[in-house]
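Following this line, the structures themselves.
Next come two complexes, and both contain chain A; in the first it sits with chain B, in the second with chain C.
For the complex of A and B:
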């Protein structure tokens, strides 16, 4: 019996002009957006790798100079691009591509690609992810809104039920039928994505576990489509007419996909505030010069350092120390700066993450938000992955400072001019980034996963209620 | 024309009896109020940034005037790096001026690009680039999602709301069996549809216009009438297009549910698919080179020019012997040297930057040319240009910044090469930033859009009216 229901549903769907047109359109968009994602990713990766190699050779060939001047010259690092970004670009274009690792300062990331795009890119930036998050659900709704109500209106529901078919079997069969028809479109698309991913190769170590991530991504979207299918069947069963079912489902689609992401931003902003760029710079500057908490001002710190070192070595003059005090002083000042940066940049990152948690919680009201968050996280294109890279780059900056300042301490004399050469520059290791594993990505996505599961259960329950209501109505 | 009046009244009453109409009306009022508030808040942020920059500049200049006076009277002798009477110091961070993009009078209606392109650009000898200036801190996911502003409401949602009240324009009458009755009256099919369209169009347009007007008065800094009128015309035509499309689909004589699905697909095509296709083709045909390369290239040029610094300087004084201060080129002040190096680096990078900008402009032109493929693209462009947050106004800002930067360098160049000192009075001679809005701004921004939309609406309405006469009756009468 069950098989028959599914078969009938699949055949009916496949013969439906709506499905053919819709599937052709969505299929075309998926192929197009995957191709565009593939090309764009390849181009950005090429540009970033080339620029980083250039910056590295500039560092090595900077000539003889004082190590501290070299530290100021610094290195630019360029964010690697996750290979999975060909599916979901996430915020990649909305965060800076590069940061300058120089002495004294943790610089913010600069050059957001989105600034170099026309206004259209904001609302027409089609990726495979937007196709999957917005258009496939629309296709499902348009296919499934009349599954029950249509049969009722045509009078076939009464006939079917009179045959002794369990209404719940009918509902499950219909949901599976629509899903199977959909699978005919989406499975090839998933295979195409996998192929593109293999051709693209690992993306400069932006993320680890790419295969597993892709698998979980497929699972996430399958679950999401499952939610939409269940909702569509349930509403079709519950609504008094096809017309109402369609209206309700389209309303849901608009609120879920178009309004919720935008309103969620406003809610998140009102719950967790971010400092303005000016405020942030001033706070960092103030912390660094005037100190914070138990830490006194820059000047006091320097004086205390000098006193304690002189005491420890039992000498009167800084020049009499067995090492160059300038190097030590620079390093201590760096380390204090690091405390300030950890505190302030850390606080900023925490706030951004807290805002995103608000988005994920709203996922319980609009599943699109939960799926978006999970999708960006799995593809390694969310703010958290970017933040992790920023922290790794900052670690490297600190390493450069340590190597330069140690050299000043050990190899030069206080108050005398000193230059070092390429041997010292090459003591700094080239910056390599190891992207996070999938477990790291998922650790922050508990709420999003819970929200999707919640919607699956809710969808199932609604179908149950819907079928019994619908059977009674007949 | 008494018949028409009666018909419209009847249609209007029928409309008010429909629950969907009330839902749509509530949605329009609520969302308009919300979206205007979003736009007004964004405009306020920009206003604050612009004011903060102006305040900072004013205070800094007051301080500079004092310092310069003291230096001139010999009371103070700051280090050469700090001395504001030295043109090289004054022309850089100490004396930098801000090029600011003022808030447009109609900006509350569309955020556009204003949350991406900083409205405050420091102009100093080293350069000035609006697309590279300090960015405001913002959650990137919020930038990605985009704001729920009025322009979004109009371009994306208004069509859906319009379709919700008109997708079963005729099909419902037929399904309810009232169509035959209606056609037995002495009115033509065209007139019935025209009446239905007019009522729906009038109701929605009235709601949107009044809601927008009230929201602007309540939440924003008031209404700029000229852009508001153009805005009204654009929205009216765009709405006309979608309702006309509903009439066209209804004229094919299918059942309501099918009409709804067909219209949803058309919405998808015009609002999502065509714009996405245009965007993808623009990126594909006119790729904008990555900034990453520019960053690395700049360093390369700096190093090369530094190695050739003496030659660069010698060349300059060769061309401008009158500027050479006493002594030989080798004794020239290191600041002059640094300036010469920087200018040379900028000159060498200019082609790369130009290339970058031209690629972006080519992309914009391509998109502008292809916008005639979808009324949504036409409307989107016209709405953000009317609000002053589109590519055209930012392009003008960019050009203004360039011009101002050239003026700025032009002021300092001879003073640096002659190694002269600035007096406090020179502060009043420094170039001053001004941004001139186009005088015919609103009309200029809206005119092509209005023409395009007129064409679109006339097309769908014309075709649907033809459908209704050329044997259409047979198709949709029972």
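For the complex of A and C:
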């Protein structure tokens, strides 16, 4: 019987001009946004690879100089672009693309794509994710708002129910019918996305498990569309008329898609405060020079270090030590800096993550937020993935400092003017990033997954309630 | 097959149907006559469990409809006054869909067309979209839906409204065939002539009360009209 209900719904939908036009428009937007995402990503990836390669060869060719000067010269690294970002760019445009690995400082990421975007173009940023998160649900609502109410108004519901059809079977059949009609549009789009991913290649190791991530991305959006279909069918059964059903569903769409993200940002900001960029820099600077907690100021630390080293070696002068104290002092200063950076940048990352968790929790009120979070995470374009890259880059910065300072300690004398050459620069390994596996990404998305499952169950229950109400109202 | 026992329906205290006792057996054509608001449609809607009775029982094949709403519908076929169909589907597709929902998903194309033809729908309209149909054509598809269900009881609510006299006559012939096949038929109608012609019994209703039950075979057409008018005016 389901077969017949589904078939009838699909035939009716396909013969309906509104669906044909709506689907053609959404399909076109999907293709365009995938193509735009593909082209944009390819260009950014090429630019990043070139720039990073250039910075690396400049490091190797910087000539003879003191290793600490070389450490200040530093290296620029550029975040690899996940190939999945052609579907969802997440916060990629808002977090910087590059950072400078230099002595003493963990630098924040610079060069945000959004800074290069003309003000008006910000509103025209069409990605496949926007189309999937906003426009496809709109199409579903327009497709399904009259599934029950329309039949009730037309009088066909009475005839169908007079045949002894269980209204719940009818609802399930209708939901499946709408889903199948939708699949005729979305399955080819998903195949096109897979093709674009294959052509785009692995994307510089930004993320691992790209195939699995794409599969889960399809699953996430399928679940989201399932939620919307169930809600539309339920509201259509519950509402007194098609007009009311459409009005209610459009209200839901506006709140879910447009209002909730704004409100969630405000709620997140009021619950978890983020320091301003300036405040943050000042705090880091103060911690480093004045110390924090049990750690005294820079000057006291240096004096204590000198005293303890002289004592340990039983000598009077720093110049009499068996190694260059300057190298040790630099390295200890680095290590103290690392403590400060771990503490402050760690705290900042925790706060950002806490804000995002607020967004995910609001996903229980507006499923769009849960889907958005999961989509960004699976495509490797959320703040967590960015943070993980930043940590890897910072590790590499610390490695450079260790190699340079060890060289000063071991190969030069205190107070001597010392230069090293290309052999030392090439002791530093080239920076390579291995992106996280999908399990790492999902570990932070428990709330979002729970919210989507919650909505699926809620949608199912509403359909149950709706069909029993509807059967009483013929 | 169809049985009402002291069946009553009140809307906010206003009676739409009062203490109806009625029985329609296989091979019966029971015609309910009466003006608008007499309770004819209410009776049919109670048998379909579209509304629930205030008191009394409606039984189909011995089962109470409010207790077994899905099971009892298996024995019923229903033709409303205005048959409503899916405009984007053809007549044949509409019939196929309704037949499948009533449990007959094994009809092939030939069988579907046979039902449509038997109901009087001209052949060249079978595969046209229903959006282009006249009211009479839609009504014929509704008749085909009822035929295709092959139910033991038929509930008809002004089924011939919108049919021209010829089609109406064909419909009467069809009803007689069904009666001979042992179908129990309950038909609400305004049409005294049709009731006299096909009915095996005629009930006259007014303001929710069944005022009289007559055997049309014992009456002339003029007698029926006279008795009907008497009940309408006292």
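Throughout what follows, the second predicted complex is superposed on the first by the 474 of 474 C-alpha atoms of A that agree within 3 Å, B and C clash if a C-alpha of one lies under 4 Å from a C-alpha of the other, contacts with A are read in each partner's own complex, and residues count from 1 in each chain.
We adopt the following convention: a residue touches a chain if its C-beta (ideal position, glycine included) is under 8 Å from a C-beta of that chain, and two chains touch if they have at least 3 such contacts.
Small disclaimer: the values here were computed from a predicted structure and weren't measured.
Contact with neither chain B nor chain C is seen for A:321 once the two complexes are overlaid on the shared chain.
Contacts of A:340 after superposition on the shared chain: neither chain B nor chain C is touched. In the superposition on chain A, A:248 makes contact with neither chain B nor chain C. When both complexes are overlaid on chain A, the residue A:25 reaches chain B alone and has no touch with chain C.
When the two structures are aligned on the shared chain, A:161 is found in touch with chain C, with no touch to chain B.
Between chain B and chain C, it is B that contacts the larger number of residues in chain A.
In the superposition on chain A, A:263 contacts chain B only, with no contact to chain C. Of the two partner chains placed around the shared chain by superposition, chain B is the only one that A:58 touches, whereas chain C remains out of contact. Every residue of chain A that touches chain B in the complex is listed here, in rising order: 18, 21-22, 25, 29, 32-33, 36, 39-40, 43-44, 47-48, 50-52, 54-55, 58, 62, 76, 78, 90-91, 94-98, 108, 110-126, 134-135, 138, 142, 145-146, 150, 242-243, 246-247, 250, 254, 258-259, 261-266, 268-269, 274-278, 280, 348, 352, 355-356, 359, 376, 382-383, 386. Those residues of chain A whose C-beta lies close enough to touch chain C in the complex are 1, 3-5, 8, 11-12, 15-16, 154-156, 158-166, 474. Note for the complex: chain C touches chain A at residues 48, 50, 70-74, 76-78, 80, 82-86, 88-89, 93, 96-98, 100-103, 105, 129, 142, 145, 149. In the complex of the two chains, the chain B residues touching chain A come out as 20, 34, 38, 49, 52, 112-113, 116-117, 131-132, 134-148, 152, 155-157, 160, 164, 168, 256-257, 260-261, 264-265, 268-269, 272-273, 275-280, 282-284, 287-293, 295-297, 299-300, 303, 356, 360, 363-364, 367, 377, 380-381, 384, 389-391.
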